[in-house]
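Following this message is one structure expressed as structure tokens.
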Amino acid sequence: MIIYKANDNWFGDIKHLAKSWTMVRVMRTVLFFGVYTTIVWLLHLNFFPEKDQSVINSAFSFLGVVLSILLVFRTNSAYDRWWEGRKQWGALINNTRNLAVYAHTILPKEDKGIRFYLAVRISNFCHAMVEHLRQGTDLDQLIHLTESDHKKYGKRAHVPNAITHEIYETIVHQHREKLITDPDLINYGPLHKSLLDIIGACERIKKTPIPFSYAVFMKVFISTYGLLLPFALAPQMAFWSIPVVMLVMFAFVGIELMGEEIEDPFGLDCNNLPTGDMANTIQNNVFEIFELDEEVVKNAERKLYDKVF
Amino acid sequence: MIIYKANDNWFGDIKHLAKSWTMVRVMRTVLFFGVYTTIVWLLHLNFFPEKDQSVINSAFSFLGVVLSILLVFRTNSAYDRWWEGRKQWGALINNTRNLAVYAHTILPKEDKGIRFYLAVRISNFCHAMVEHLRQGTDLDQLIHLTESDHKKYGKRAHVPNAITHEIYETIVHQHREKLITDPDLINYGPLHKSLLDIIGACERIKKTPIPFSYAVFMKVFISTYGLLLPFALAPQMAFWSIPVVMLVMFAFVGIELMGEEIEDPFGLDCNNLPTGDMANTIQNNVFEIFELDEEVVKNAERKLYDKVF
Amino acid sequence: MIIYKANDNWFGDIKHLAKSWTMVRVMRTVLFFGVYTTIVWLLHLNFFPEKDQSVINSAFSFLGVVLSILLVFRTNSAYDRWWEGRKQWGALINNTRNLAVYAHTILPKEDKGIRFYLAVRISNFCHAMVEHLRQGTDLDQLIHLTESDHKKYGKRAHVPNAITHEIYETIVHQHREKLITDPDLINYGPLHKSLLDIIGACERIKKTPIPFSYAVFMKVFISTYGLLLPFALAPQMAFWSIPVVMLVMFAFVGIELMGEEIEDPFGLDCNNLPTGDMANTIQNNVFEIFELDEEVVKNAERKLYDKVF
Amino acid sequence: MIIYKANDNWFGDIKHLAKSWTMVRVMRTVLFFGVYTTIVWLLHLNFFPEKDQSVINSAFSFLGVVLSILLVFRTNSAYDRWWEGRKQWGALINNTRNLAVYAHTILPKEDKGIRFYLAVRISNFCHAMVEHLRQGTDLDQLIHLTESDHKKYGKRAHVPNAITHEIYETIVHQHREKLITDPDLINYGPLHKSLLDIIGACERIKKTPIPFSYAVFMKVFISTYGLLLPFALAPQMAFWSIPVVMLVMFAFVGIELMGEEIEDPFGLDCNNLPTGDMANTIQNNVFEIFELDEEVVKNAERKLYDKVF
Amino acid sequence: MIIYKANDNWFGDIKHLAKSWTMVRVMRTVLFFGVYTTIVWLLHLNFFPEKDQSVINSAFSFLGVVLSILLVFRTNSAYDRWWEGRKQWGALINNTRNLAVYAHTILPKEDKGIRFYLAVRISNFCHAMVEHLRQGTDLDQLIHLTESDHKKYGKRAHVPNAITHEIYETIVHQHREKLITDPDLINYGPLHKSLLDIIGACERIKKTPIPFSYAVFMKVFISTYGLLLPFALAPQMAFWSIPVVMLVMFAFVGIELMGEEIEDPFGLDCNNLPTGDMANTIQNNVFEIFELDEEVVKNAERKLYDKVF
């Protein structure tokens, strides 16, 4: 994701344009329509110089309004996925912090081992989730994996499920040993539940693009519209039809392609969410909250920079 | 559902067009309007060649804007149902996972029987739901049904209700036997509640299309509009009225029919949700979480591939 | 409510048109404007045959866009009430099922009496709610009312409140008698709470139409617009102004009247929710879940068909 | 609030027009623009009778579309506040009922005193909230205030906070005395929490109008647009420019002023919520649910009609 | 934030215009386009006085509709962030009040020390959050910091996390000492959880502006549109093109810049939320609810006015 400061500098933002892969595709398509319109105009100039079709022009203007209303729907539904994805990761940050604060408070004060165990598990849940939402969990992204962890996780199709179970088992074990009380476990329940709710919601966003018919419908409509438009405009506007067609197609192709890009916000494109960074932030937060010893933390940190990037 | 990768290949998507039943209907309607416009144009050419009605043209352009705003409302409300249906199935995946993780953690470690019992019940709840949202539960879709289960479920009008009761009864029985603690049962409550909430929400989506008046209103409006439009355009645009009418009707009929299709997302059309696949995913997840023995799992898997598809 | 199958038959739906009371009103208004436009046109033809006002035409087209954007707001807010009403009734179905499943599981197995008592109370809550949302609870709609129930409910202004109290009292009494445990009562709490939340939300929808100013504003705007439009169109479009004005008024009056109709979804109009049927469905579900004896169920069923319809 | 029946009588609603203060303001502004346009037209007729500027006309039509899209945003955000305010008061009704039903069920059966104490406190919370959302709590609106209550509340800046504390203290005291059980207190928790959540949400709506820049932006845009429009229309439309400008300004000024009015729904304007009536409804409901003795109720009722209206 | 009374005085609001930094920027840009259009018009007048391009005009009008639909999306998503930020701060007010009411009720009546400790911590959580959402927590904004607090917080990257832990530890300690009961701790859980949920949601809003591609896309579109528009309008409208271009750019640049400004609502611009004031309100509320002694309160108040502003 390109990090930028809103409300700062109008032209400063524009100059990042070439960095966005989607924008490059949009620009290429716009150029194609520029060339195409020039050809249509020149052909027209040479072969039918007398014809006037001002009404067709108005028909295309109306069709353009219809199309732009459709594209708003397209944009809204894509943006909602992107924003919901962001909300889920935000909720992950909140919940892991809360989980750590609760656990740190209720667990026996002197037991550093269980704190380290939980901090590693919570961090690994997030690191596993990052790649799980791309091509499947990569165990090398996880921190502090012992031999046996590696073997155990390796056998599982869904690693975050396994980690969640380990975390809950630890807490329930403490409860069975009377080290934490009944209300502690009851308050802990919803925090724990949210971990799998969040990963499930992200899986849903990743796996469900806009219904296929809509995706195809828009592409057919935009393509047809773009190919017919120069025929309607060139006779009348002459040279001016070129910038107008280009500006129109910039709007339509741009909105469609940006919608497609942000629809799956967990990839590595420039508009996607910085999920890797967020997982690192969570790890730092969790280790800080558990107030783990210097050496333990440093150990973890080293792992962090070795493995995660 | 056609599985497709968004943001990949513009023309690759378009070529799937013919696979979508709705798109085929749209195309047929558009062709009809193409032929119809040709006839109107030819009649006009031969009988009233002198008349010019440029203002009617603008009236239809304005009516088209009104209609397209209506269709946005139509699309939004249909899409919301589709997306809510998807969310409910996503919530089902999350909740069954959480249910399994909680049960696996709190139940006595050595009791494999109860784990198998629960894994089968949770899976069957989902398999029953798939068909319940089509034409009514088909008991042959369920796995590991014993004779008595078959008889018991056969008598029930609403099978998922019965399964839910069995699951809760098992957990409550464990609680009465002091095998699980008070906080365990309290944390379990909301997870259990969500099962019937989800199936109820899906029933609501299935049973409540857009209010009847709106559905009829749009059809009357689109039909009238489409039948009058060629009379307004043909006098002026001549040959060009044919592609313009076709593009307009492609937009309007397409949006209306796609709205109708995705409004009930639990069927078997190409835009519907892959509920059968999701039920299988849930089954795999649940059996994995309960860490059931090889042979038990294999048994279940065999059943799975025999029965569900 | 007219039950219809979406995505089935374009013209099949249109032929139900005359059954919708709102549609009849819309059609009558549209006819009025047809006659009115004819008169304006004929007057114009005879008295000011020379005048051309093409610009006024464009002003009305723009005003129409403004109005149609307003009507989208109108439609959205009315539809949201209708859909929220449907959601609340869906939630009622879910919660009564969950209530019955929970109660059936936790209550002493042999106590059929309490199950019958609860099944009757839950069903009556729903039957009372149906009429409560129309003109006030009609005690004759309730099932299995004893003499004393009748007297007790008769004195209450808000019968569902009284029924809710009876249900909760029964459960709490079981808890005081140690027949159900602490976690049972804790899990039961939110289920119970939802009963009054649902009826309260429905009361809110029923009692709060769109703010008065908006309702009047739209009527004034549509009336003025419709009465001036023929003057703007007739001079230029002549005969064609009649279908155009009729189509425009069909759109505007139709959207306004449909919005008014679905705004209060608990009545008996053809677009209203089938709340009576839903209450019966709930009764059937609840009696099935409690697995009540044949004779008890039959008894209840008889009552059901005698009284509710 | 004007109580009106939707879907009843088209012209019946229109005749209430003059009762709405906002509508009166709108009408006055529309009249102003009518006079202003007449002046512009007459000036034009006398000084520049030859000029034709049909294109400016189309520019204003396009600017009008931009403005009307902005006003939809304005209307939606204002209406959302109004509707959320209504939802919060609806939630208050639900929660006070639930609170009363819970308390009535769990408290010792013979203790009428505590029921009266709670009924008064719950009612007073609502009565206090009505004025708190206007100019600050007026203690004279509260019922059954003893001398010491009066003194205690008088010293507090935020009276509802104090009442909430009294209610919770009573319940917790019962719990400490073992008169209610652990699950009773746990189930009571969320009901209690909602009281302050509701008043907080209403405070938020009251204190946060639309961001200042937007409010000013719209006023500048509408004023400029309205003052320039007659210059664009008068040259061409002549006399017709007067009704057209008036209808346009009716739409724009009307939407803007109605938005401003409903944005703060807790005042005493004709579109505001009937919060005083709702508080009385709550009082009646709560006293009925607690089944208080005739004389106690009558006492309360007298107070009710003396003080609240 | 400029505090203003909605629905009061049309022109009174407009005169605050110059106070808004965003409005000043908008006005400057509009002036630039005024000058630019004048130059284009004068050039045209001198070099191509004969050319007429009325159709280009209509193309720009259509492009303007497309752009304004995009800007509605822009406005909605920015406004949603602003409003969600406001809701989160509203929720903070509600939750801190509820936290204080709960704690004040359940804690041992005579223990003033713990009340003061909690009141300070809750207030400091809010004061820390104000600056945390700007450039990072400024410890000088916190009240009643002891030496050791200062040192402890100074070492933490995320101070609110640390404060949250202190609050929860105090409550849990009371529970371990049997000074509060199990249900007290269970009811307290969700209140506590919300503190970190709220700060996390605000961090999400602050750190995630609209996706980069959209931000750039709009700037490119508006710039190109604004630079080409005078060429399309000047030939026909002559002098009139200057106010029209200025009004159009006022709309487009204004909506874009206002969107950018309110997108991050936690800064110090004139449309931002008064978070500092809200933190003070919370402090006053919390100290009042805990009914702390005169001297303690005064002490706190002094601190309040010394430090926070």
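Per-chain residue numbering starts at 1, and chain names A, B, C, D and E are given in the order in which the chains are listed.
Assume a residue touches a chain if its C-beta (ideal position, glycine included) is under 8 Å from a C-beta of that chain, and two chains touch if they have at least 3 such contacts.
Note that this is a predicted model, so its numbers are computed, not measured.
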Chains in simultaneous contact with chain B and chain C: none
Interface residue identity across copies chain D, chain E - same or different by half: different
Distance between chain centroids, defined by C-alpha means - chain A, chain E (Å): 24
Separation of chain A from chain D, taking each centre as the mean of its C-alpha atoms, in whole Å: 39
Set of chain E residues in contact with two or more other chains: 58, 61, 65, 69, 72, 182-183, 186, 190, 261
Arrangement of touching chains [line / ring / star / complete / other]: ring
Residues on chain A engaged by chain B in the complex (per definition of touch): 53, 55-56, 58-59, 61-63, 65-67, 69-70, 72-73, 77, 156-158, 161, 164-165, 168-169, 172, 175-176, 182-183, 185-186, 189-190, 193, 196-197, 200-201, 203-204, 208-217, 219-221, 223-225, 228, 232, 257, 260-261, 263-264
Complex contacts: residues of chain E adjacent to chain D: 1-2, 4, 6-7, 10, 13-14, 16-17, 20, 22-23, 54, 57-58, 61, 64-65, 68-69, 72, 75-76, 79, 82-83, 86-87, 90-91, 93-94, 97-98, 101-102, 104-106, 181-184, 186-187, 190-191, 233, 236-237, 240, 243-244, 247-248, 250-251, 254-255, 258, 261-262, 270-271, 284-285, 288-289
